[in-house]
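Consider the two complexes below, in which subunit A is the common component and subunit B and subunit C are the respective partners.
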Partner chain A sequence: MNHAAPAAPAPRAALLPRLSFLRLSLLAAIVLCCASWVYILNVDSNQSHSFFSAETWRRGVSFLKDLAGAGSTATPAFAQASAWRETGRLAYQTLAMAVLGIGIAALVALATFIFGARTLMTGELAPYGASAWRALYIAARAFFTLTRSVPELVWAMIAVFIFSPGILPGAIALGIHNAGILGKLSSEVVEGLDPRPMRALRSSGAGRFQVLLYGVLPEALPRFTTYLLYRWEVIIRTTIVVGFVAAGGLGQEFRLAMSHFHYTTLSLILIWYLILVAAVDIAAVLLRRLAR
Partner chain B sequence: MASASSNSPTAIQLDAVGKSFGAIKAVSPLTLRIAQGERVALLGPSGSGKTTLLAMIAGTTAPTTGAIALRGKPLAGMRPGRDLAALVGMVHQQFDLVPHLSALNNVLAGRLGQWSAAAAMLSLLWPRDKDRGIAALERVGVAQRAYVRAGRLSGGEQQRVAIARLLLQDPAIILADEPIASLDPTRAEEIIALLAATAQETGKTLVASIHAVSLARRHFTRIAGMRNGAVQFDLPAHQVTNDLLDALYALPGLRDEAQSA
Partner chain C sequence: MTPRFFESRRVLTLLLLAALAWSLTAVSWRGDLIHSGGFRAIGEIFAAIVRPELSADTLAIAFRASWTTVAYAAAGMTLALALAFPLGVLARSTTHQLAASIPARAFLAFFRSVHELVWAWLFVAALGLSPVAAVLALGIPYGGILGRIYAELLQDVPQAPIRALRTAGASEWRIFWHARLPMALPDMLSYTFYRFECAIRSSAIMSFIGLGGLGREIQLSLDDIAFGRMWTFLYFLIALVLIVDLWSTAVRRRLAP
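And then the complex of A and B:
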């Protein structure tokens, strides 16, 4: 009984932080959920009407039928060998755009990510009199922020203006955007590296560039490869978006087919995308295993 | 400060060397001479200033007061690089090695001070001075692990590889900062014996901080006891008594440490 009194305030103190975040989040989620349904069913009745109406349902079914080629007497595109050949050529171009895009991104990121690592540019491992290096660090970080904050689609629109439409502007757009992402991620990998092996190298007589070669790159490059393959998977999917602004490949064809109501061509392009994404996924897994 | 080899040339000379971190005094000004070929064990509770002292001798931490000379050359103003690496090399508790590099490439990194950047780059693909690297790994008993990544080696093997790198770096003075703190007693004795034998065979000076009193007595010529940043005793190993050691590790010291932590 004696020890019961001082123990009493302890549970309250332990529960308070949990109540403040986890439980509040759950409460907020429940309240928001109820309020949304009240709004949809009572206040915004027009929207909910069209969302749940028979008309919506009919349109959806009809579109799926069109995609399957059921609404028309013509042979669906995915049943024509010539259409397969034609879109196959575009699929190859799309793959080429993705490879070119990730290649550009990798080269630019590899050339810059060291400069974006604060630990190397301004820390104890930085060269003496490091203000010039600090400026390089800021420039590299600004470059990463600029390139990755502008979406691929916008880069593609700009690139199509400068180059003629085709896969090259698409690849450049994907390359620029992903260079910023890869550069930032890789810089942060370097910043997170254990400095002790680098210090040990330095004190055993290695120069700064040699520390980079022996202490930084062997540790950072495997992670860089992982990010690279992951971004390649993303890029193969994003080719369809940049294609919309005439940057070539299946994406461009997708938009043309859509504006001409060639529904079965859309299906064919989607099938090709499934094949491309699956192939890139498998290739990435194999390459990752090889790199390990 | 009596020492058996007082007629050998001086390897390490500390003159009123002290170090403070802000208001905290890590090492009180101390004067110490260590002769070439001596093997000195630094004993003392954690937080007694052993690591700071070693870092100052290694040239990685600048003393707040006093001056250090290694083999007659003043350490102040010496930058890390080839000249310093020829004078002094260090083994830490662990994390000396680059985990993704092979044991062999880690060992060969001890030669980087002698290599050009291009040679260093090529050596990552086609190891240069490979025979010397393998010989050093053989000397420390892990030659069969030469092509294994350092990160996949056991703690004891990593320490052996770190010592092999020191063999290629070939400094006149070897420092070891708790080199056996993360090893089991059998590995610990092996590593200390290896360090001591390496120093003895090549006439190098060895200064190591350890906690194992019996190992200090068996493998070192001289023992210095540190507490609260000051040297409590500094004697030939055979003259260190249990009373001195008991006083060194006595509880008040530990309490001070707990307060400062």
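And then the complex of A and C:
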């Protein structure tokens, strides 16, 4: 770019540090972090024993020993083939819950993301009767905000009021939350698209649906798939958490093992959890290569 | 666009649809998928959306719980930064520091492979119920994610200035401080602010295992089947996420080149 040389900066700017929005934000973030630590350490020191005491260390070591099965005469769960099979079945369910969750999220997001793209719903590319489409745009954005602001776990707590415990309420909870995330991200992809090809299609007589089909979707869908696979990596980590309340897969067993002090079963569940996470991470990398 | 391009995309679509079909077979489709009171519960939950409970007591609890949620998130992010920066710097793959980069990557991968709530439960079971446990539980997986992204950002900076410095005889350390870090810093800050928004949500659900905060209040209201109160706390959570979202978007817009 060929800008003229900027005028000499005002002398005051050199003397006072510029109080820009960024500086203020950084300062606010630092103050917030310090205040939070003061609050947390204060609460902690009012407890019967502080986190920073020898007691914590002793407890931590004995917990690790319990996980390893030391000090108990029983065969640890991770040394029994039957326990591996049993938790393996739960891991299979957990994987299914994750896939179903991302499937629901993808279908809901695919059905709604076009309505969340400002550039398509308002302005020159918008269909006639713009106010109705504008209302639809606002509704889509409100839907994304509501669904993604509420964490999966809370959706799961609500879902078990409606559905019988099992994979389904967990998958629905994962689906609702991630539909909001995927929908918002994909709408923003559409908004960021170069408008010139769409305008060209439009001015050469293409209908609005044809603009969508040939101008928007071929550009947006590959990005959508990439986001989908990224979210899948996150979802597999969250499935166990949703299972705490939705009573499906490894999460439920984790909760039971925790409350019955079956610590070696707990280690076995954690091993399966790490296997699942690693497997999904690798699968997502391979699938992303296909998406390119 | 080559035909090959279409082929691999089609394979991917088929694979994803097949996975979805497989996952549907794992659900036991019995008659009682929605339990007896289910439909009434849907009605009550949605009716309560427009009737949140706004008594002074509830609002006071909501404000206190919001602060706890923000405090866990901010303190957790501080810890995450303290973990992510050194490990991220070590983990970026350069030929001359493989010995440091492989273990650093392994640590980051391990930190982020376990969900923050699972960490929280393990810490509480192992070490006792303390807000510091919540901070650790949030800081470790977030440190893992931030560290990975930092490593990538530090690696993907434009190579020309770095080559120029190297030809001029600058040490790797100087190149890092004077070229790599300054070039990657805006993106690193931008991503950190984005993660802070996620940390608010994560911190809200921490309370599920007994640590205070908005999630705890939501859970208590659900235990009382007080849907109106639940929506009050949910609205507080949504507002909190929105505020941080707006803030981080504003910061990121100014950091973008």
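For the reader, a short list of remarks on this structure follows.
Operating definition for what follows: the second predicted complex is superposed on the first by the 240 of 292 C-alpha atoms of A that agree within 3 Å, B and C clash if a C-alpha of one lies under 4 Å from a C-alpha of the other, contacts with A are read in each partner's own complex, and residues count from 1 in each chain.
Note that a contact is a pair of C-beta atoms (placed from the backbone, for glycine too) under 8 Å apart; a residue touches a chain by one contact, two chains touch by 3 or more.
Bear in mind the structure is a predicted one, so any value in this text is a computation, not a measurement.
More residues of subunit A lie in contact with C than with the other chain of the pair subunit B and subunit C. With both structures placed on the common chain, the touch criterion links A:Ala278 to subunit C but leaves subunit B unconnected. In the superposed pair of complexes, A:Pro222 makes contact with subunit B and with subunit C alike. Shared-chain residue A:Ile167: touches subunit C; no touch with subunit B. Common to the subunit B and subunit C interfaces on subunit A are residues 222. Of all residues in subunit A, those touching subunit B in their complex are 128, 194, 196-197, 199-207, 209-210, 213-215, 218-219, 222.
Subunit A contributes residues 20-22, 25, 29, 32-33, 35-37, 39-41, 43-44, 47, 49-52, 55-56, 59-60, 63-64, 92-93, 96-97, 99-100, 103, 106, 145-146, 149-151, 153-154, 157-158, 161-164, 166-168, 171, 222, 225, 228, 237-238, 240-241, 244-245, 254, 258, 270, 273-274, 277-278, 281, 287, 290-292 to its touches with subunit C in the complex. In the complex of the two chains, the subunit C residues touching subunit A come out as 8-9, 11-12, 15-16, 19-20, 22-28, 30, 32-35, 37-39, 41-42, 45, 67, 70-75, 77-78, 113-115, 117-118, 121, 125-128, 130-133, 135, 193, 196, 201-202, 204-205, 208, 215, 218-219, 222, 234, 237-238, 241-242, 247, 250-251, 254-255. Of all the residues in subunit B, the ones that touch subunit A in their complex are 58-60, 79-82, 84-86, 89-90, 92, 95-101, 105, 109-115, 117, 120-121, 124, 162, 165-166, 169.
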